[in-house]
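Reviewing the structure listed below.
By letter and in written order, the chains are A, B, C and D; residue numbering begins at 1 in each of them.
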Amino acid sequence: MNNFILKEKIRNIIDSNDSSLGRAFAYGIQFLIILSVITFSIETLPNLTIQSKQILHLIELFCVIVFTIEYLARIYIADKKIKFVFSFFGLIDLFAILPFYLSFGVDLRSLRLLRMFRLFRLLKLVRYNKALRVFTQAMIAAKEQIILFMVITLILIYFSAVGIYYFENEAQPQHFSSVFESLWWSIVTLTTVGYGDVYPITVGGRIFTFFILLIGLGIVAIPTGIISSALTKSVDSKD
Amino acid sequence: MNNFILKEKIRNIIDSNDSSLGRAFAYGIQFLIILSVITFSIETLPNLTIQSKQILHLIELFCVIVFTIEYLARIYIADKKIKFVFSFFGLIDLFAILPFYLSFGVDLRSLRLLRMFRLFRLLKLVRYNKALRVFTQAMIAAKEQIILFMVITLILIYFSAVGIYYFENEAQPQHFSSVFESLWWSIVTLTTVGYGDVYPITVGGRIFTFFILLIGLGIVAIPTGIISSALTKSVDSKD
Amino acid sequence: MNNFILKEKIRNIIDSNDSSLGRAFAYGIQFLIILSVITFSIETLPNLTIQSKQILHLIELFCVIVFTIEYLARIYIADKKIKFVFSFFGLIDLFAILPFYLSFGVDLRSLRLLRMFRLFRLLKLVRYNKALRVFTQAMIAAKEQIILFMVITLILIYFSAVGIYYFENEAQPQHFSSVFESLWWSIVTLTTVGYGDVYPITVGGRIFTFFILLIGLGIVAIPTGIISSALTKSVDSKD
Amino acid sequence: MNNFILKEKIRNIIDSNDSSLGRAFAYGIQFLIILSVITFSIETLPNLTIQSKQILHLIELFCVIVFTIEYLARIYIADKKIKFVFSFFGLIDLFAILPFYLSFGVDLRSLRLLRMFRLFRLLKLVRYNKALRVFTQAMIAAKEQIILFMVITLILIYFSAVGIYYFENEAQPQHFSSVFESLWWSIVTLTTVGYGDVYPITVGGRIFTFFILLIGLGIVAIPTGIISSALTKSVDSKD
């Protein structure tokens, strides 16, 4: 019985936004997430002094301890513990602390990439959001169309890459040496980023780009349109 | 009683678009706003003669005097004076004239940034607009979703910055020296501006950019879609 | 009476798409419009031989003669001649031939710009289109909102220009020498064109750009969303 | 009768997604399509060894044999054989294998372009998709508007090219030597790609670009908006 009351108390703090303690806990966790992300960014700065590195490490240590306690508490209060561990947010909570513990046994080089997993903490920021559930429903409703247009977009990008390869390969062998290199041009152009590091210079390549852009931009932008309207509709049907 | 009639007369001029005098006043103020903004722009031109500087100063002086009279008149006719002063347009009216008066007591360097507050005058241009109210309502209705996608967009931008930092840091330490520098690449790329001052050159960095662009562009463009459809709906429900 | 029959016959050819003669005439005019536009483009090529210039001039002469006959015929068959002359398509028909006749009395330099009026012929291509009428109605329905967002967009562009001027003026005086020069950066950035000829290099300027892009892109893209949904609605209400 | 049973069996494998054999066949074909596209890309890599070229050729040979068998089987099971051969997917199936067989009789140079036809295989990937049918219906419903905006977009691109030609021709004769060269700037700018290889440098050209971008971007983005909303509506009416 005592156990049950304790569980309820913890649940009140961790899982509920109604109590003032629960809200304080939620804001505290959010503050620590942003703090640890800022720490993570500062660590990448070149020419850090040893002292500041130590301070950053202490902040990181503190964050990980709190996140670990939170993770264990969440497992403790879950009715179906296994289900929670393998749920979406359960895994995020795990991945947010795992890199720290793994870094003890692993050498420094591979540790670098592991640290990136810490960014999963950011996903914890959107945990309690109802709007996210609406969005997920909208995505599921429009799933088939989004997949179709993703496939069509990929085909279009690949087709553009092959086309520009044939037009520009001879004129600019350093930029369009193979279809793989052309794919870089293709994605940068069809998303309209247009860095300007590679662009067609032959007349044929430019005319090809002309038509690809006229037709292609419409296709590439359609998934966004679908998501937006699915989102609007799922909000409507909720009212 | 006399006082009441005077108030009504001023209100008729300043607040109403029905009387021809009111319309003339509104157009006059709009003309002065645009005039003072043009003056503001010309002042930034290098190599101005002292004479033209004096003319610009005189125009500015005239605008400020009119705006000050307008501001005081608006306070005078307001039933709840305190409420008006701290209302959105009350504050804009104040910020539009404040920089001028503050510049007497302050030295020249900090004055430079103060002058930017004068741009608040531009917001006075949209004062009487009914469409703005419709837009505000639409924003409030879609508030939760817009905040969610702003947060997701920020997470995505940050995630891209960290990713590209790991891929490009060694190859281009001058452009991707830290996550902060990478954030610049991230925002310029995900908004599809693509200046071309920084771009990935490693194979890994390019493949990472490929996937970020495919997924990211859809996410970044969603808030606009939400606002547009909320706007359309709030217009519908008004009919 | 004879006159009336003639009018009807001409009207059948020029104004109707039902008779096969009317369709042939419409396609003929469209062919001539595109021909004269291609001629116009070829004329701008450098290093043209005198012979090819003469051929281009003959084609142009032929097109103008046909367009003039068409214009006079349209006036002839119009019931309210003055109204037609000053109608939208009446003016386009006039501007399409005017440059040619004016060029006799005018010297060569100003003639260059006059020739650009010939492009009005292109607008004749969309004359018979019903979808255009739907679009015009949609624009009228959403007029107030479009104007509001155009004004907000202009304010935003101007505000960005002033902001970047303060941040970048000292670091890059050659690119951000005044607010006017900064406006160029502003429009190129907020429309996401991003040529890469001007971009912020200071930390302050980059952070400013970061926020301007996050907020600004949504605002700038809204008018398109409004037009699209107004267009969709006006199609719906027509069914 | 025996023949009829055989037909049904083949149809069960090739055309149906209900039987497990049918699904296995469909996935197998999809795997071969992607395999042959990857092979195609690797072939364009410079400095391939003769050995790897032979391996790639063998994979290609295998893919073509399977696709040929599939094509013949599809003809065999079709009730109206001629109709299938000239149907959309019938032609795609043919174009997917044709380049290989044609390459025996043709010399090497023209063969290069022929190979691009192999990409038609990619279109086989979207064969069974129901969402594609919804999309096709949406396109047909909005056909008139899409054509109108395509025409308006083309007029706008051409008009921008002529305008910038007049403004920049004297200042940058190497980039804006004729209207044809200006068209390249026009498409790259109005689609907001903005490579940065050509951009206006005169004050007039920049002001012209300013207005073209303000008005033009809205117009260019409208077809996407139309397709998206037509798509959403055709999904609605299906429910």
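Assume a contact is a pair of C-beta atoms (placed from the backbone, for glycine too) under 8 Å apart; a residue touches a chain by one contact, two chains touch by 3 or more.
For each chain, UniProt lists the protein as follows: A, B, C, D = Ion transporter.
Everything quoted here is computed from the prediction, not taken from an experiment.
Overlaying the C-alpha trace of chain B (Ion transporter) on that of chain C (Ion transporter) calls for a turn of 90°, given as a multiple of 5. At the interface between chain A (Ion transporter) and chain B (Ion transporter), two copies of one sequence, fewer than half of the residue numbers in use are shared by both copies.
In this structure, the chain pairs A-C and C-D differ in their number of contacting C-beta pairs, and the larger number is found at C-D. Chain geometry summary: the mean Cα position of chain C (Ion transporter) and that of chain D (Ion transporter) are 30 Å apart.
Each chain gets a centre from the mean of its Cα atoms; for chain A (Ion transporter) and chain C (Ion transporter), those two points are 42 Å apart.
For chain C (Ion transporter), the set of residues that touch two or more other chains comprises 192-196, 221, 224-225, 228-229.
If you draw each protein chain as a dot and join the dots that touch, every dot ends up joined to every other dot. If you check the complex, the residues on chain D (Ion transporter) that touch chain A (Ion transporter) are 37, 40-41, 44-46, 112-113, 116, 119, 122-123, 125-126, 129-132, 134-135, 150, 153-154, 183-184, 187-188, 191-197, 220-221, 223-225, 227-229, 231-232, 235.
Taken in their complex, chain A (Ion transporter) has these residues touching chain D (Ion transporter): 142, 144-145, 147-148, 151-152, 155, 158-159, 162-163, 165-166, 169, 173, 177-180, 189, 192-196, 199, 206, 209-210, 213-214, 217-218, 221-222, 224-226, 228-230, 233. Those residues of chain A (Ion transporter) that touch chain C (Ion transporter) in the complex are listed here as 192-196.
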